[in-house]
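Structures given as structure tokens follow.
Each of the two complexes below includes chain A, the first together with chain B, the second together with chain C.
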Partner chain A sequence: MKDMLPYRYHPFNEIVELEGGLFQVNMGPQHPISGQGRFIVITDGEIVYKIEMDIGYSHRGIEKILENRSFIQGIIPLERMVMLDTSNIVMGYVMAVEKLYGVEPPPRAQYIRTIIMEFNRIISHLYALGLFAESAGWNPAIFLWTTADREPVLDILEMITGARWSYSFFIPGGVRADLPNGVKERILTTLDYLENRVRVYEDAWIYNETFRMRTEGVGVLPRSKAIEWGAAGPNLRVSGVPYDTRKNEPYAAYGELDFKIVTHTAGDSYRRGWARVEEIKVSIDIIRQAIENMPEGRIRVALPPKPVEEEVLTRVESARGEINFYVYTEGRDRPYRVKISPASFRNFYVIEMLPTIQTIRFADVPPIIYSFDPWFLDADR
Partner chain B sequence: MSPSEFINILKERFGDKILSYKIQGDKRIIVKIDSSIVEGFASFLKESGFDMPITMGATDFIKNKVFEIFYGIWSSQHDFVILFKYDIPRDNPRIKTLVNIWSGVQKFERETWELLGINIDGHPNLKPLLLPEDWNYEEEGYPLRKDFNLKRYIAPWGDES
Partner chain C sequence: MLEWINEFISRNLVTLIKILGFPGLIFILVFIIFAVWYQRKYLARLMLRMGPVHAGKVLGWLQLIADALKLLAKEIIVPRESMGKIFLLSAITLPVVPAAAIALIPFAKNYMILSVKGFTLPLFLAIMTLYPILIVLMGWSANNKFTIIGAFRSIYLDIAGEIPMILSAIGVMLWAGSYDLQEIIEAQKSIWFIVPQFLGFIVFLISYLAMIEKVPFDIPEAESELVFGYKTEYTGAVFLDTMLGDYVNLLAWALLMNTLYFGGYLGPSITGDPIIDGSIWTLVKLIIIITLTFTIIISYARLRIDQAVRLGWNYLIPLGVLNIVLTVFIKYILLGG
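== the complex of A and B ==
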């Protein structure tokens, strides 16, 4: 096996000279902020010849673990896939189980789920924005700001679910608990606060001339290639493909709420960062509507004894993009096979292919990679 | 075009090579095809506007001695997903790559090769992706196969599942 990987002989050297005057630069596997994984960048002078995403440093075999757990037990290991965005990930699996059993959760549960998922999207996007700002050489203060602004949201999530990150709150058939007293007022105050903060980000950073000059026109992903390579999430939408699972295949309460999806045609690093700020605004809008239209009623229904369907493919829009679950069951209380296709796994292929269509300079590699919001643990599973 | 219209087109074109199909809602077709028509079927899908691969993998049906390969393709034109599946024998798992039709399946096929031990002819980049570099396939086997020995990995204090 090792014959095929000449450059893997030097895993700890930072820079290795290859044949033909090329240099291999290992970025990682230790990154201070974004999990373990290595970008192998092969450069010809300053020009990037090839990027390879070396993942698998935190492969936990979640698909195999799920095969050996009942549906409910599987939720807990599954959350470890992306700790920033646990509820969106779990939603895909829970929805698959609900479709296999043929149950429809009550409307109130769907609205509570929507609120939690949108808050998760906000905290995940805030973190992604911090990473992107830092990778583009921006003042590290932006990262500290976004991290601090996640706190009030985490407090609300703790109030609703009892935990800050891994809630295990969505279960097949509904949610574990109803909204506590006084949470609505708190949510509305926090949303006002976040709206002001988003304005601060825009003034200080997103619409800042220096930042635009640094990232505009860098790492352009054209529409045809975005589709061909299978880009996901905001990265796909800013390349001119108006696909958002929340809109195209509504799940939870998204079908009943009125919101717009953020699209653009430029497809460069700048717009990928911009799209995340715009999506935070959309999420704030969605949460307000969900609070206003929250129906009364039950929060959970029981599952029938046996699954009625054999297989199902569900798609969910997580913060990093579409994640889909193919679940096959033999009629027992556990899946026979689960195939998870996370967004980062697809986006990594897009990053690898980018140097084939345009000239990329080495200094632009970090902003390009972090504009895609990569999450190694997401891709590793 | 709706899924039911598209399934009629497929039945007309491929006849009894379409072994079975299911339509779930208005966004999904799950179709099982004969393994002899895979390439023709895939290029027909591409011509019909199914341009974005969203998933690919395989299921190990150890009792029937087959691997079921599946590809999920979304169409930006028609906005629904077709999941097509076909069987290959388990004792000689070998498929032809579809990278030349959908570039985006490259990493998924690489992962299937690595975790299920399915040989993929014509794949441009078959290298270990998720497993450790020194993973011993003879001793430890392929993790997502059903005969993978999980007992090796049970913690000393047991496993409650």
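== the complex of A and C ==
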């Protein structure tokens, strides 16, 4: 029914008066909350009729760049897709290369990868929580708290990989280096610290009455629509779909570890934020298990000279949801074509479709969008 | 010529000190510089930051002055599509309205700028109702989507906040048996009105947050949605003026809260001089009130406009009426007046 409303789409005009008294409000790319993109919101006063995610402001052609690099060189531009979550992204590509060459990395490398990926998930979720709180009108207290709490994790990652953000640590066949001395104790104390801080976030933020008022029952994504529109990650799981690539199609060391999937049936913005706090707890649990069960042995194996497969599809669970890599090679040491299907891209489609099934108010647009943990760089590639 | 000036100054010395010094112009400006600095430092500590440190060696106290000078040096841009004169005049007038209301507040016994007796509390509330009108003019004349939405939200919020505010003030008037701000303070000698008027105080506190338009009621500004609400199009010195208006507004309402519920200038004597004692106690209580305000600002998310309006009409107004009924019942029937 809302498709028949009398508005005309004006792509680039700043002040547009639409028929029927509708407003087209351009949020971004120079809006306080927009990030590296733009959302076009068409409103009637406070009621939103349409949200359009205008992506492409930070398109860097990563898929094309990968075609001109050897597999191992491709890791570095690929990390620029999501700087918060580099290892999860790189894991998909590295797995694809390993499948192409037909090698299996040693188990110790898989455990080290798992630890780093879960730490990446923690810092990515912490950042998402901070932005979510800020979009709901918080003074940037929560954002700065989460930013400060990422520091000890970044220190650990620096200790293991030598870099704080862009590690280039996973390579086809294993990882670059073994765990340094004394890192296990450091990890365990940091995990205890993070557990305490997560409790603080729950008290100050998740259980905060005004925050619940703002986000509960807002932007509800029902189960059927979540599947139909292809929501990804925690956004899918809180809509009542217990799908997690780590569990459903285990990679790295996830098959040998015991962890639960965070699910809920509400599917609203509040639960999407809550799920990220719960997933931090799950990640802490996974890292503890991985540290405990860490096998001894080699950390990398050499690749054969030529790929044995022509094409391969891999999927990993990044912090924003499942990310797919399709790699096609002509038997050379570089891909002929790489196709990446990022999670944020699919989540943006879900955000665009949300006004078709429920009434959304203008003030709810930023919390809804940030509850999906959008990352324009991820969607742009 | 000079003699005439001398005579004028010597005859009107006290009035001139009141208007230009304390509690007039200089006090308001100094207090705002302090309040902005204090807000920055206090909120920064709660956010695990340092706040300003560079300008001014000690605690960054010169930062606000540096910022003000920077804003003064900037170009004043008037949007082409805006109604230029209203756009500028409404912003320039903004700080004057709450400053005029402050003239009625007693800072010590018989020490206020405008020494009128009688209906000063209704007069204060009446002057403050002009403030939202200026905000609407600002938002309307800028002719920008963000400013217009912000101005409309401001109307909704002010209607939802002002009526409970007046209802809780009526409770205080009934309890004190007077319309006069000074007599209301004098009536609190035995006990501050926050105790007998606690229900009214809760209503007042929430509508106070709505009237100063800070989190959780910074809905007209709403940075994450409306960029800067009705202030979006202002630049340079005029923007500085709107910020000034914000803080004078905060000061006026905080002083009213102090007057109505925290005993105004009352307090044990320190120096023996009633004017200095009263001023000290007023300022101490004022700082406690703005600390409370800033703590609330940091702890909550912003409400949606419909939630804020529903809070005002569904909860605050019935509570305000209940407070009046209870006040009349307790004061005039149980205690016999």
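A few notes on this one:
Following the convention adopted for this analysis, the second predicted complex is superposed on the first by the 360 of 381 C-alpha atoms of A that agree within 3 Å, B and C clash if a C-alpha of one lies under 4 Å from a C-alpha of the other, contacts with A are read in each partner's own complex, and residues count from 1 in each chain.
Keep this in mind: a residue touches a chain if its C-beta (ideal position, glycine included) is under 8 Å from a C-beta of that chain, and two chains touch if they have at least 3 such contacts.
Please read all numbers here as calculations on a predicted model, not as lab measurements.
Looking at the superposition, the partner that touches the larger set of chain A residues, chain B or chain C, turns out to be B.
Of the two partner chains placed by the overlay, neither chain B nor chain C lies in contact with A:N293.
Contacts of A:T189 after superposition: neither chain B nor chain C is touched.
By the document's definition of touching, of the two partners only chain C reaches A:N139; chain B does not.
With both structures placed on the common chain, the touch criterion links A:H59 to chain B but leaves chain C unconnected. In the superposition on chain A, A:T265 makes contact with neither chain B nor chain C. Residue contacts after overlaying the shared chain place A:Q358 against neither chain B nor chain C.
For chain A in complex with chain B, the residues that touch the partner chain are 1-2, 4-5, 8, 55-56, 59, 61, 63-64, 68-70, 73, 99, 227-230, 241, 243, 248-249, 309, 311-313, 315, 322, 324, 326, 328, 336-337, 339, 341, 345-346, 348-349, 353, 380-381. Against chain A, the residues of chain C that register as touching in their complex are 43, 46-49, 81, 144-146, 149, 152, 215-216, 218-219, 222-225, 227, 297-307.
Listed in rising order, the residues of chain A touching chain C in the complex are 15, 23, 25, 27, 31-33, 45-46, 133-141, 144-145, 148, 204, 208, 210-211, 213-214, 361-366. Interface residues of chain B facing chain A in the complex, by the touch rule stated above, are 24, 27-28, 30, 51-57, 59-60, 70, 72, 76, 79, 81, 83, 102-108, 126-133, 143-144, 148, 150, 161.
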